[in-house]
Amino acid sequence: MGKVLMKGNEVIAEAAVHAGCKYYFGYPITPQSELVAYMAKRLPEVGGLFLQAESEVAAINMVYGAASAGVRVMTSSSSPGVSLKQEGISYLVGAELPAVIINVMRGGPGLGSIQPSQSDYFQATKGGGHGDYQIPVFAPATLQEIVDLMQDAFDIADRYRTPVYILGDGMLGQMMEPVEFTERKAAELPPKDWATTGTRGDGGPKITNSLRLDPDDLEKHNNHLQEKYSKIKENEVRFENYLTEDADYIVVAYGTVSRIAKNAIKKAREKGIKVGMIRPISLWPFPEKPFYETRENVKAYLTVEMSAGQMVEDVRLAVNGYKPVHFYGRTGGMVPSQEDILAEIIKMAGGDQ
Amino acid sequence: MGKVLMKGNEVIAEAAVHAGCKYYFGYPITPQSELVAYMAKRLPEVGGLFLQAESEVAAINMVYGAASAGVRVMTSSSSPGVSLKQEGISYLVGAELPAVIINVMRGGPGLGSIQPSQSDYFQATKGGGHGDYQIPVFAPATLQEIVDLMQDAFDIADRYRTPVYILGDGMLGQMMEPVEFTERKAAELPPKDWATTGTRGDGGPKITNSLRLDPDDLEKHNNHLQEKYSKIKENEVRFENYLTEDADYIVVAYGTVSRIAKNAIKKAREKGIKVGMIRPISLWPFPEKPFYETRENVKAYLTVEMSAGQMVEDVRLAVNGYKPVHFYGRTGGMVPSQEDILAEIIKMAGGDQ
Amino acid sequence: MGKVLMKGNEVIAEAAVHAGCKYYFGYPITPQSELVAYMAKRLPEVGGLFLQAESEVAAINMVYGAASAGVRVMTSSSSPGVSLKQEGISYLVGAELPAVIINVMRGGPGLGSIQPSQSDYFQATKGGGHGDYQIPVFAPATLQEIVDLMQDAFDIADRYRTPVYILGDGMLGQMMEPVEFTERKAAELPPKDWATTGTRGDGGPKITNSLRLDPDDLEKHNNHLQEKYSKIKENEVRFENYLTEDADYIVVAYGTVSRIAKNAIKKAREKGIKVGMIRPISLWPFPEKPFYETRENVKAYLTVEMSAGQMVEDVRLAVNGYKPVHFYGRTGGMVPSQEDILAEIIKMAGGDQ
Amino acid sequence: MGKVLMKGNEVIAEAAVHAGCKYYFGYPITPQSELVAYMAKRLPEVGGLFLQAESEVAAINMVYGAASAGVRVMTSSSSPGVSLKQEGISYLVGAELPAVIINVMRGGPGLGSIQPSQSDYFQATKGGGHGDYQIPVFAPATLQEIVDLMQDAFDIADRYRTPVYILGDGMLGQMMEPVEFTERKAAELPPKDWATTGTRGDGGPKITNSLRLDPDDLEKHNNHLQEKYSKIKENEVRFENYLTEDADYIVVAYGTVSRIAKNAIKKAREKGIKVGMIRPISLWPFPEKPFYETRENVKAYLTVEMSAGQMVEDVRLAVNGYKPVHFYGRTGGMVPSQEDILAEIIKMAGGDQ
């Protein structure tokens, strides 16, 4: 099919369709409206269903229903809309239902702005909803990476029976880049014999439920979830190392910010500062290994986020006191510039080269 | 008035009334139903208003309205109900509105059980809703402490213009203890000249809003919030040190778990293990100082939670690699016993004394 | 207190306060927004409560709650908003709860226009909700009549334990006229010993409910309701006869249309046509008596409505074939002019005088 | 395909599928739950969509959306649930959208009972929602008649661009009878060139809307609706005459009550009373003609309903004073027995034969 030039929000939608997603439930909110509009038009073409629900609360509960029926289903929103879905997301986890949830983050808190942000990192990685749970969270940095991660996201959702987040930001949603939708071999996935599609003589009625009134039973279920999380940590960590081999300093950034950071790193290298980057692609499970491998040798880390400082906590946990961890952030829809980041690198490197 | 024997959920309610709370909006959920019932009866007696809303989403937005009018207002729920309020909580933060939010935590995720839990620590302290925000979170361990913290909670809410969480668990809500409602001198608080109660010639119309479409404006607002958070970190940290002065080992626990831990510590001391406890009372801002003061000298820390491990991250961040941080947790409504904790202390101390 | 010049929507609100209404739940909609705004400001001054609910569905259910507690409570809306309340209104009837419901009618169907209309006559008088029920419906024609009928409405609601409609239209809501709020002796009303305000040793718990699963029980309840309706028909019919004694022709009109019709009648009398008017003030129970008394002697009736023809059915039922019943109506927010009505009178009188 | 033995609620569902209905939105309520369950299973088999919405309000608005897209869509409920849909039904009318709405009536008012009833006649025929509108209402008396009327209902909905009611009762929904689903020639229907399925170069964007702020415009629209209603009155009246040719007395009954009445009429004929029956099949437009044709010759009419007396008003309007119109009704889920009706016939005939 070759490369096509598309807008980020449309790439998210088309990538989902390529990954076999046939059901979408959501409610429109800027800056991801093109995604919703694309799905409304596209899903009927592949025999699927688009439904704009009464509210975000309704939408996430429809996702629960569709996921229970064993189909590939997605919802999307932006920050305030995702907050409304927190109860439903916790229900998906409790009932072990696969689904993909897109958050095209905007500046907060509250209604905030409609400009790009990364300030929902904590909500996605630490459990915005209640209860002991984790959800795999992927943060693509380019439109092509969206295509590749989306297939993974649906596969991981099905393999581990879990919701999966794709975390983008307004910039990613609005930018245009050429992308290629390559067909890849379908993953080998366990049969969905738990789906509530009828008994067909294979045992009693199927139920998807998150209510476990007996605490002993619920703790067993939680232990089962923790074992699942261990397996995800083993198998599904994603990250990119960029010029880290000889690095004295390491920038940590994800999503679109990592692209700006790369340019700043190039400029810093031109000035003789040996700086590299660790780019977490999976935000949970957080890639600890590249930090374990570098924390002995580098002099300091600099986390750059479009937030007041959220991922930096995971960086500090991974570095565990070995070296200083600095932070630079912009909020409210403001995007760190190449110059900003370069200045922070220079400051970290102890002078104004 | 002397001491009266009361149930935890009722103490929360009466303490709020003593703190000047006259408005309550909520929706019932086990295990905090007695709180709702108490408020329904009590608030009209003090000229206040109780309203059971259509849903948790409606309730938190009514809290927004009442807080905008400058009155002391509270809502309460248990885990799934609190998840439904995440959007509204982020709106309260964005509009800088004072309110007190009670979460009597139950086992999760999803509907989970109705037994006690501490698994919403992350949601409360890291921002369950979207956007860069923090909310002061207090976790009382006794019914008397509820009374004292509630007055603080309402004062802090008003002083800093912020929602404040009180985090309890089902055990705390159901236990009975004698409590005393002492009158204390009213705190000196800034006038609520921002409240939307009419202009009265003091300038243009008052508006409470969290929408700031200009990212530059929103970033300024976020910087203002961060400055506020710095002040709260300076002034509002609460914790208890228990036998830490000579301790080789330190248990970290909050809420009802800390009471069980205390007994385990006594037993361990009888066995010659010099163990103490740091009990965070404010979960955010997290009390880092007692860790800074002990991390050089103690040999290890043990965090005990009714969760799969949440506060332990803040402990590890405060200890910052100086010493090992162990974890012991029960989930789903299961409560760690004194024997369990003692066994963990002995294990940490390197043997079976 | 003397006469004051006020707007219709405000008169409705103030009249309700004078009638002892202390609770209001609603959701704003044009053309009755001034009513909502007035209540928001006024009720706290008399120790009452105003609450803007999440939706019309929520509002009518809050009315159910307040009415259950035995207080005087009101809601108001305009046509589409009243449709949303139909389930709740049927619940009020089933549980025999007193409340006053204002409908300031606008043009329909659907969202329609925001101009005046009388097209919800059927909804109000025939049971817009499900089940066999009737609700007393009053239609004032002047602002002073609102004041007088409002006191009756609350008294009738309490006396018979029933919701009561006040039906206005956009014109009535927007017009200004001098009104006087005279104090009148409180009606003797039965005690509200059914209210769910606690048992106080006077028997078991009080419950307000509309569920009666045993059909025999439900039929008994329906028979009880029908007996109540018979009493209301006996005692609460309201109408005005205008120049009917010598009339050859009779115009039937209610609300603001009756005021225009009066002028047309004066003009017709000047032309020598002996025409009078029956003005139903209670739309249910419909005033049949003035028709029984005139149908032998008059030659024809002309019903004029701001609708496609609704009250005309009740006129035809009352006339019962004795004489022709003509109809003239305007819809969609268009108001019949004096000239229009005069032309219809002349046509009915058989020529062009 | 031959005759199959099925339950009434399932027949409604299967008949809709046979009539080309592919979309269903609803919310379950007794006594029509089998209908919902059947649709959930059946629609996916024909490439259609079943969706259980968040509430009845959500469901009817989804019907609006699907109807706008030009597909055949249905919703169903029982009395309280239908009341919740009144706003949405008025919107369908205003926007001239075709849809079929099933009401399997239960005893009311309020939650009432779950036993059969006919007490929503007024709601269906007089406009339960606001605004000047009428909806074709069909009331089948046998399961085979459901099959036949359903095809008509969808055709009429499309031909006139209007919602159409099918009014059943709990008895009809629960009874089992053999039915045959015969294929019949598709009706010639106008193309849905108004559907919002894209412009395709045939003019500007398509919009379905019920808001017409200009009253002159709205009145024109209402006149257009009234013309449509005239055509429906001309073409779509349905009724059955049973032994009316020589009748001295006529029973009027619809739906399941008419079946019991038929047996009572046979018994009365055995006793020498010449009694027949008019069975309205379309409740709106109400069949006036059989009354015009009989009111000169018969001695009296007896309307029998499972209500406190609703259709009897339309009977009285059609008889227009020519002859007495008696009424016998049971309410709350109680069903008139053959003996009851026979006794009423004998009473009407002036003695106890």
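Chains: A, B, C and D, in written order; residue numbering restarts at 1 for each.
In this section, contacts are C-beta pairs under 8 Å (C-beta built on N, C-alpha and C of every residue); 3 or more make two chains touch, one makes a residue touch a chain.
Everything numeric in this text was worked out from a predicted model, so none of it was measured.
Shared contact partners of chain A and chain D, listed by label: none present. Between A-D and the choices B-C, C-D or A-B, the pair with more than half the same contact pairs by residue number is B-C. For chain C, the chain with the farthest CA centroid is A.
Look at where the CA atoms of chain B average out and do the same for chain D: the two points lie 57 Å apart. Between the Cα centres of chain A and chain B there is a gap of 29 Å. Centre-to-centre spacing of chain B and chain C amounts to 51 Å, using the average Cα coordinate of each chain. Residue positions 57 of chain B each touch two or more of the other chains.
Chain-to-chain contact here is organised cyclically: the chains close a single ring, every chain touching exactly two others. Pairwise chain contacts present here: A-B, A-D, B-C, C-D [touch as defined]. On the chain C side of its complex with chain B, the touching residues are 49, 51-55, 57-58, 61-62, 65. Residues of chain D touching chain C in their complex: 57, 79-84, 86-87, 90-95, 105, 107-115, 117, 119-120, 122-123, 126-133, 209-223, 225-226, 307-310, 313, 316-317, 320-322, 330-334.
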